[in-house]
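Heads up, there are several structures right after this.
Here come two complexes built around chain A, the first alongside chain B, the second alongside chain C.
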Partner chain A sequence: MRKVTIIVMAAVIVLFLASWILKAGAFQGEHDHYIIRGFLVTFAAFLTLAVMSFLYQDNPYYKFAEHLFVGVSAAFWMCMGFWTTIVQNLVPRLSTSLADFFEVPQRAEGLNFFFYTPVILGILLLLRLSRKIGWISRWPLAFIVGTTAGLNFIRYLRSDFIKQISSTFVPLLGRDWEGIGAFFSNLDLSATGQLVMMVSNWVIFLGVFCGLIYFYFSREHKGVFGAGSRVGIWILMITFGASFGYTVMGRISLLVGRITFLFRDWLELI
Partner chain B sequence: MRRAIPLTILAVVGTVLIVSVFLPPLENLGEDFTLFFDIIAVFAFFLGGGNLVRIHFNKLWRKRKDWGFSIVTLFGFFFMLVIGLLKIGNPGGIGADPTAEGSWFQETFNYVINPLQSTMYALLAFFVASASYRAFRAKNREATLLLLAAFIILLGRTPFGVMLTAWVPESWSIAQIPNLAVWIMNSPNLAGQRAIIIGIGLGVVSMSLRLILGIERSYLGEDRG
Partner chain C sequence: MKLKLLVLCLLLSCFSVASAQEGTSPPEDTLLFDSTLLPAPVTNLVAFDTENDHGHAITLEWEISVDDGAGKQSVAMYEVFRWVPDLMTAIPSFRDTLDYLKLRTSSSWSEPEPGSRTDSIHSVFAKLDMAQLEQKKETLERTIGQAIRDLPAAHAAYPENGSWQQVAVAPSGSVTAEDVGTKEKDSPDYLPDYSDFYYRVNAVTADPDIRTPSEIFGPVQSYGQWFNLGRLAVFVFVMIFGFLTIFFVSHARRGADLYVRPLAGIEAVDDAIGRATEMGRPILYVMGLGTADQIATIASFTILGRVAKRVAEYQTKLMVPAYESVVMAVAQEVVKTAYYDAGRPDDYKEDIVFFVTSLQFAYVAAVNGLMLRELPATNVYMGKFFAESLLLAETGAVAGSIQIAGTDEIAQIPFFIVACDYTLIGEELYAASAYLGREPILLGSLKAQDWAKAAVIILVLAGLILANLGVGNDWAWANNIVDFFRVVD
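Moving on, here comes the complex of A and B:
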């Protein structure tokens, strides 16, 4: 190990311990378990800084945080699945004694042995870890894929196809149309005004139409069709730009959250 | 056996779920199958966990590069698994909500998973900003539109954007940057998203049909046995 690495590691350990002691002292009187609380806040700050250190370059502190994240989150989702699905939904359908043990309410309709099927399929899925009989895990996999296909067929047809098309047919003169005279006498460019509403509805209707033209590849994009396709590209470009801006702002708000944690909860500077 | 049974299972399950929407007596079957899916998915989580342990034990055993970090993964995994499954420190005991306030499981989520997860995502802000600085060039009309939309959305969600156009009168309020940002999100962005969503919907429906009819078989893997 290089001398610099050892010095940095020693400095990190000393800072960690100092922070732990100071935070525990700050929590004394506020919390019963102030030593543990001090450790947790210090550890969370350490993990935040360890992940941020990747901005400089890949380093052992980032790798530590990354590996810890993988292990802890895998176990977290396993536990959540066990308690929310297996215990809450499966156990009361299969065994009264187990339901009593886990203190979950028994079902009014009684036991349902049909629910042994997913347990058997689930156990078969675990056979994937075996090289010799791993192929049996295709059966539960087929069940999962089949359920996804069957559910998505209807769900997407309803929500992503029919509903989206029906929502596109909006009144192009606006909902509160009171005639051409009233329209011109109330003409302004306020965000909630009738003109803006009308333009919005036109943009939505033509935008969806032209966007779909762009995605239609069975005909050459020439003439009127080509013009529609070009407008479709413009609409899609605005969409990508807006999505990009929205995503960046979401990430920045997360960053603000972490910086607030560091300066308020950990360092108590703000 | 290796291909015929999974193909049959998929076809039957998929068809039953589609038919159950049209036949009220089969409606419960559809709900049961959805629950079956959730239960098998939990076993899939366990499979994923088992695989993670196997890979990291293997790395540790063979002392491969960065094997020391595998200890961190395994320690984190088993620590979380034990406190989560045994509900250690949960004030409500075995019958309580696993995420009850004060339980070790919830504290580990609050002070380990949450900071790691949000910092990982926050890190993307830097990479996206640096990538967009290099990639975004108003070279043509399309690129300019993308750039402008992104710029207005970013500006519209900051106090600076509000301040910049606060002088614009109410009768022209659409020209105020925050209002313009909202309009872009609710009109052209909605239209574009909708066109994409309709395309995705059609894609999912056709893929579901291909799976149920046994045309799409890639999920079975490469083994042709």
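Moving on, here comes the complex of A and C:
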């Protein structure tokens, strides 16, 4: 181990202990378990800084935080899957004695033997652990993928296809068109005004029309078709740009949350 | 304990019902006016289950008031009232309390705004500890389930424990109205099938306080039919799309050369695999956070099969970290099959596809670490991605990898566009699987999709013309065509 690494590690340990002692002291009188609370706040701050150190480069502190996070989360979801899905949802529907054994309340609707189907499929899925009969695990996989693909086909056809068509049937002149004279004499620039409605409806129409051309794969994008396709990709890119800015603002609020934790809950500077 | 909770919820529901009625429902009957001002009531009111639907709806018909368009000409509109048991009006309050308890026991709980409805519920539960809150949550969930099951019995108890509530409004001259509910039990508009409903229609004058109720009609029940004509458009398009798919698949099987325009992102996959082979570095294939039932994940399986086959041929190292156990199992089968197809079954190892964790940011931390330690020459991101997209793509860019991404998650595409070398946008991901595989089934379905898109373009143009001209000119046939596409949920 390099000398610099040892010095940095020693400094981190000293800082950690100092923070723990100071935080525990600060919590004394406020909380019953002030030593544990002081440790938890210090440990949370350490993990936050360890993850942020990745911005510099990969390092042992980041690795520690990463492995801890991955290990704990994998175990957590394993427990959650067992206790919430199998024990709480499945067991009370299958057997009263099993429900009593796990001390989970009976379902008001009683037993439902239909739920043996996922049990059987789950057991078949686990057969992949066997070399000899592992091929049987393909059946439940085929069932899951095939069934859901079929169900999604109808759902998407309705929500993404037909509703898209009907949502494009918009009045291109806005609502209540009463002629050009009336339009200009009552020009309303508000969000619900006729001009804005008209522009909005034209953008919807052209966006759908040119977007569909861009996603048409059976023909080369040249000539008029290519021009329509280019308009389509421009509309897509403008949309993505707006979405990008909106999401980045959301991420900054997450960063502010962590910075607030460090400076308020840990360092108590703000 | 359960009784206390029920009483509390009923109190809250009384509060909400009272406030709701205050805002929306006028007094039920008007008896304080000079009878000469009152309009004549509607006559021969009948209600029956709406035909050819999925249930949860009742149609009402009546003969108009003699004062509607004639006589005193005082009828401005008709208001349809349904008798609703107290249990039904209490359920939304139960749900509000349950939503509060769910929020309170979650990590995203924060103190509610003073004076808000959440705050009023919070004042009741503020002193309870987490175990008590959890217990109340479970009790309330069971109570709501039981209440929904008891709704038919509560309706059968008419006229005990209930009140009249307005469910529809029709303009003067109308002889029919529809009371349309929803089949979603979680919705406040849920209308239970096979329950006894009672209706009456008020003839209302320009002064909303002057009204005359009709005779009560009931009981009437709603129920679903075998065919829901509100979804006829879905059936028609399924048949057309099915026919097109079968036609083009059989066409492709007979050896027809079906043209698919080149996709830059997919053309780059083979080059990227070659680059990884030359550099002696691995290829990282990330399938995102989707589950095996999502279309993007299914498309990703096909692309993974193609990439794995090429990787096996070139004897390059492949890494596929999985987020979900079923996705991992399917991906293992796909990769295994690809290695067999490439004639290199001995090179296949179970740990090519490995499970990481099912927590979003823990998964990202692990994959990011993998990128910086293994330094893959190529990163392929295909599937369903969420907030982790930029974290992954940025780290990959820092590691100096060629990156190719594809997702149908609209909000994440911008991040891939800015951080990756090639990006497949939305449906290009689905097309990529067909383009790479060149299998008749995939190519045929891609061609069918293109024809469907061409049909959409034509329909949008035709629909626009009809919607814009038909409405203004009162063309009934044009409006019927436009309505055909308005699918009922």
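Criterion: the second predicted complex is superposed on the first by the 235 of 270 C-alpha atoms of A that agree within 3 Å, B and C clash if a C-alpha of one lies under 4 Å from a C-alpha of the other, contacts with A are read in each partner's own complex, and residues count from 1 in each chain.
Here is the rule we use: a contact is a pair of C-beta atoms (placed from the backbone, for glycine too) under 8 Å apart; a residue touches a chain by one contact, two chains touch by 3 or more.
Fair warning: this is a prediction, and the values are worked out from it, not measured in the lab.
The larger set of touched chain A residues comes from B, when the choice is between chain B and chain C. Once the two complexes are overlaid on the shared chain, A:Val8 sits clear of chain B and of chain C alike.
Look at A:Ala26: by the touch rule set out above, it reaches neither chain B nor chain C.
With both structures placed on the common chain, the touch criterion links A:Ser166 to chain C but leaves chain B unconnected. When the two complexes are overlaid on their common chain A, residue A:Phe143 makes contact with chain B while staying clear of chain C. With both structures placed on the common chain, the touch criterion links A:Phe240 to chain B and to chain C. In the superposition on chain A, A:Asp58 makes contact with chain C only, not with chain B. Of the two partner chains placed around the shared chain by superposition, chain C is the only one that A:Arg219 touches, whereas chain B remains out of contact. Looking at the shared chain after the overlay, A:Ile154 reaches both chain B and chain C. In the superposition on chain A, the residues of chain A contacted by chain B and by chain C overlap at 51, 54, 63, 65-66, 69-70, 72-74, 76-77, 125, 128, 138, 141, 144-145, 148-149, 152-154, 156-157, 161, 164-165, 168, 205, 208, 212, 215, 236-237, 239-241, 243-244, 247, 251. Those residues of chain C that touch chain A in the complex are listed here as 138, 142, 145-146, 149, 231, 233-234, 237-238, 241, 258-261, 263, 292-295, 298, 326, 329-330, 333, 355-359, 361-363, 365-366, 368-369, 372-373, 387, 390, 410-411, 413-415, 417-418, 425-428, 431, 435, 446-447, 450, 452-454, 456-457, 459-461, 463-464, 466-468, 471-472, 482, 485-487.
Those residues of chain A that touch chain B in the complex are listed here as 40-41, 43-45, 47-48, 51-52, 54-55, 63-86, 89-90, 101-104, 114-115, 117-119, 121-123, 125-126, 128-129, 135, 138-154, 156-157, 159-161, 164-165, 167-168, 188-193, 196, 199-200, 203-208, 210-212, 214-215, 232-249, 251-252, 254-255, 257-258, 261. For chain A in complex with chain C, the touching residues are 51, 54, 57-58, 62-63, 65-66, 69-70, 72-74, 76-77, 105, 108-109, 125, 128, 137-138, 141, 144-145, 148-149, 152-154, 156-158, 161-166, 168-173, 177, 205, 208-209, 212-213, 215-221, 236-237, 239-241, 243-244, 247, 251.
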